[in-house]
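Same chain, two partners: subunit A is paired with subunit B first, then with subunit C.
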Partner chain A sequence: MYSSIPKGLTDFTLLVEKGTNAIVTNKYNPFYYHGALPQFYLWVLYLSGLLLFAYYIPTIDNAYFSENLVNAWTSVNYITNTIPMGAVIRGIHRYAGDAMVITILLHALRVWVTDRYRQYRWIQWVTGIVLLLLVLFVGQTGYYLVWDERSLILTRMTVSALRVLPFVGPGIAEWFLNGTAITNLTLSNFLFIHIGLSFFLLFGLWLHYVRMTRPVMTPPPAINYILMAVLLLVVFAYPISSGKMADINSTPTSFDIDWFFLFPYYMMAHMDLTVYWVALIGITLAVCFIPLPSLYKAAAPVEAAEVVLSKCVGCRLCSLDCPYMAIEMVPAPAGSRFKLLATVKPYRCSGCGVCVGACAFDAIDLPNLLDSDVTAQIKAMAESQ
Partner chain B sequence: MGKTIDTALVVVGALICLAFTGLMPWAELGMNGTFDNWPLWLRWTSEHTGLHLPDYAAVSGLGADWTSYLQKNGADKNLGDYAYSLVMGLAMIAAAIGIAAVGREEAEEKTVLPVKK
Partner chain C sequence: MAVGSENKVITLICERACDLSSVTDASGEVKEVSGLHVVKLPCSGMIQPLMIEAAMKAGAAGVIVTGCQLGDCYYREGNRMIRDRLLGNRPPGLKKTVDRRRVLALWLARPQKDRFLSEAKEFMHLVKGLGTPTPAPAAASKAAAPAASKAEDKTPEEKAADAKPKVSKDIPVNPDATVDGAKGPER
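Then we have the complex of A and B:
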């Protein structure tokens, strides 16, 4: 019964994609760029964030609420109300973050529905889940940086949740606050986490892509324009504004929730914190372990493909077609007629045989399933018909 | 037939570009459509030619509608920036349609098979 759910979803997905192809052709079908869409929004976030960073001041001072007060909240207000197009850039930054979460979830759904997470793709699946968690945390730190009443509530809730963790909780909470109480150092820490972790995402993306051949990382320009247009239309329709400036001597109790990033705080507010951590960690591990059954069902240990060096002409077709980046072209030895030779990285080879099909010169083979054996099997099947 | 559609798309695209170009300065001026805020060349055209341009009071009314909408949704300053983002978004959609219309012919993938020796 479980398998009928993804199968039904797969059929529905393929039907929708076929309909989309008829309208925009396969070159511009956004479903075929489901991994590239969040990557595009990441670049938008970097650029808009750089512009915001130029004017942002990470301090919390609000003594006496003086007229010339300069702190995080007033700097964000300055960006929004004084800098030309500042409000639009702030809106782009906020909504690009939301759009990134939406497109990541759609990407994960399509990968699950089309079975792209099985066996050797488990690395992509697990790194993807970790990347999603990092994106959510980076987004949450963005909400702290505005330093309005919502930021204050979120900071206090996070500290309470961290302190509950056994053994390491108080230490992590102190690291999070950059001390034992909320100070200017706290906001500097938030800014460091927000920017540093967002650049760490690039390393995570490298892990995500490393065993994929020709990952599509950029949608075509037409799709990029539409993605930006959607952002700008949302910025126009729903301008961003800050709440009241945070005062650490006060105790605000409610805030507007952005469900894309702040749903964990809804959970924190409505359940015991220990249950919250058990649920969060449990759900994360369960989702990460989705590819596990397919790993155990894998066939006997794989014998990697082998190159017949005397026949290899260095045409690169096997290297280009390998889905797992397991074939590398290296310079041919001196005296060879050809410039390059193919070599197989056995630790990456899955024994799928795509390289054998790609080679036009019988120069690569699977040792436990020779070309001649396959031909003989096909011939036997044809003759038995 | 294909060329006729392409020509029509080019004409429509050009008109859209002109419209957006006219909307941009209006947005930059905070969507205020009074005659004093018109671009200089447009005022000169209206005053010195027999071409009496449409009543901008209707556009001013549109500006007032947009202003109240934005204020209701949280904006309090630089309202023209938001209108600018709207116009830019519409321009990008038009650009995307244009790119897709031009790129439709290149949609088919060509596969080159090596010849076995």
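Then we have the complex of A and C:
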């Protein structure tokens, strides 16, 4: 156990959590809701995004109102400066995105430090990486929508990076721009990508939660209030402002970088585009392969629990308690006295033995540690000398 | 500490909770505290209430159940499940005949070896004061709450449950713990 992780690191994490418990009690320890924190920020993002969507206009200019220019930039400007609390909602939307990336990274770090990423959990690890990439991409498209000079540079950099990709590159670039050049249709496509892919996150989350019996999706309200308070503090301390309105005929060359979302553009600017794609895809695959069995020095492979068919009464307690949905109740064979029979899905089983503890009939066993042996050991200990 | 066979305490411990490998010998007895035996399990969720009853029946003076800190189960929910089973909020529960004062639950992280030893010594002293264990003490049904009230690593609900002299039917039952929504937890 914990064998592939430095022991000091895990012990340090456990001690920090212990200290946190002493202050806020287990119930409100944010370390025990590390996966639910990004989920909370996701709801914040959906809500604030909905409000921004009401006033956002996805065009780059509008010839019919040339005296009173209406485009993406002026609509964002209108939200920020004219609508009451508009700047606050915009700030919340922006910083909740940053907070989501931070909490996702902390979540991944704790999962890795406490060795909870491999074997029967590989789906969670891989879908987690897909989710992080999605969050990063959706966040980047949010930066295009503001349509200031930074958006223009980012769009141009993305298009040139996409065009480098062999075979599919030009097609993706055209899909991205919704044509061959930046037009009004480009911005409506950006808005569609930003909102559409953000709902795709929900599909990813479903995959992330699959095989989990009672996923912890919501922190206690007290933690939510604190998360919200921290967010508002940052919103008021560092108000958001747009850059200069984008002008397609100009070529701005530099912009402020948001390190949580825009670091790929830093890479793009400082390396050859082919190298950039190789690095990006290579890093992603490498992280996905972290749960490969040959990479961790596990003590032993999981030996799945086994049902003693003659003893199972079909009471469902083990299937209710199994934390990984590894036990399915099937109809008992004809002639049985009972209606249901427990069956174990070995590829989902973690070998934790919670089902053994749930069974009052000795009807389920870990093959490498029979509960009858444990009971015999207990008896021998209690009766000795 | 004077030990007779009536003063044996069995510890059922999760192998990821506090690390006792440095203080136990090959047979699982704690070297510095005679009479304190340790049985390691992959997760505290594997502990069957039947195991605790078996230990008592075989003459053990007490049983210590040790899992990781609540909220931090490697297998997600194991320590919560055994906690709920001991409190009678989740089936299968402990039989009424088990003297709850002789069961101690500790929730300790891996580095907390010393904390375990001090709690265990105190518990052994307490159990010794209870006299010779009998398989079915009459006092058992009165002292329905587990004797773990000393442990500080407990949640407020647990403290509330411990403070109640007798587990009554109106204790809120975890909806997940009922079978088909019809049968309540066994008591």
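In this text, the second predicted complex is superposed on the first by the 301 of 385 C-alpha atoms of A that agree within 3 Å, B and C clash if a C-alpha of one lies under 4 Å from a C-alpha of the other, contacts with A are read in each partner's own complex, and residues count from 1 in each chain.
Following the convention adopted for this analysis, contacts are C-beta pairs under 8 Å (C-beta built on N, C-alpha and C of every residue); 3 or more make two chains touch, one makes a residue touch a chain.
All values derive from a computational prediction rather than experimental measurement.
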Contacts of A:Asn26 with subunit B and subunit C, given as first, second, both or neither: both
Touching partner for A:Pro323 - first (subunit B), second (subunit C), both, neither: second
Contacts of A:Ala222 with subunit B and subunit C, given as first, second, both or neither: first
Winner by number of subunit A residues touched, once subunit B and subunit C are compared: C
Partner chain in contact with A:Ser350 - subunit B first, subunit C second, else both or neither: second
Partner chain(s) touched by A:Ala360 [first = subunit B, second = subunit C, both, neither]: both
Subunit B versus subunit C as contact partner of A:Arg116, first or second or both or neither: second
First, second, both or neither for A:Lys379, with subunit B first and subunit C second: second
Partner chain in contact with A:Asp256 - subunit B first, subunit C second, else both or neither: neither
Where subunit A meets both subunit C and subunit B, residue numbers: 25-27, 315, 317, 360
Complex contacts: residues of subunit C adjacent to subunit A: 5, 8, 10, 12, 15-16, 28-29, 37, 39, 41-43, 45-51, 54-55, 58-60, 69-72, 74-78, 81-82, 85, 90-92, 109-112, 153, 155-156, 176-177, 179-180
Interface residues, subunit A side, partner subunit B - complex: 24-28, 80-82, 84-88, 91, 220-223, 225-226, 228-233, 235-241, 315, 317, 360-361
Interfacial residue positions of subunit A with respect to subunit C in the complex: 1, 10-11, 14-15, 17-18, 21, 25-27, 29, 31-32, 114-116, 212-214, 315-317, 320-321, 323-324, 350-354, 356-360, 362, 366, 369, 371, 374-375, 377-379, 381-385
Partner subunit A, residues of subunit B touching it in the complex: 70, 73-78, 81-86, 88-93, 95-97, 99-100, 103-104, 106-107, 113-117
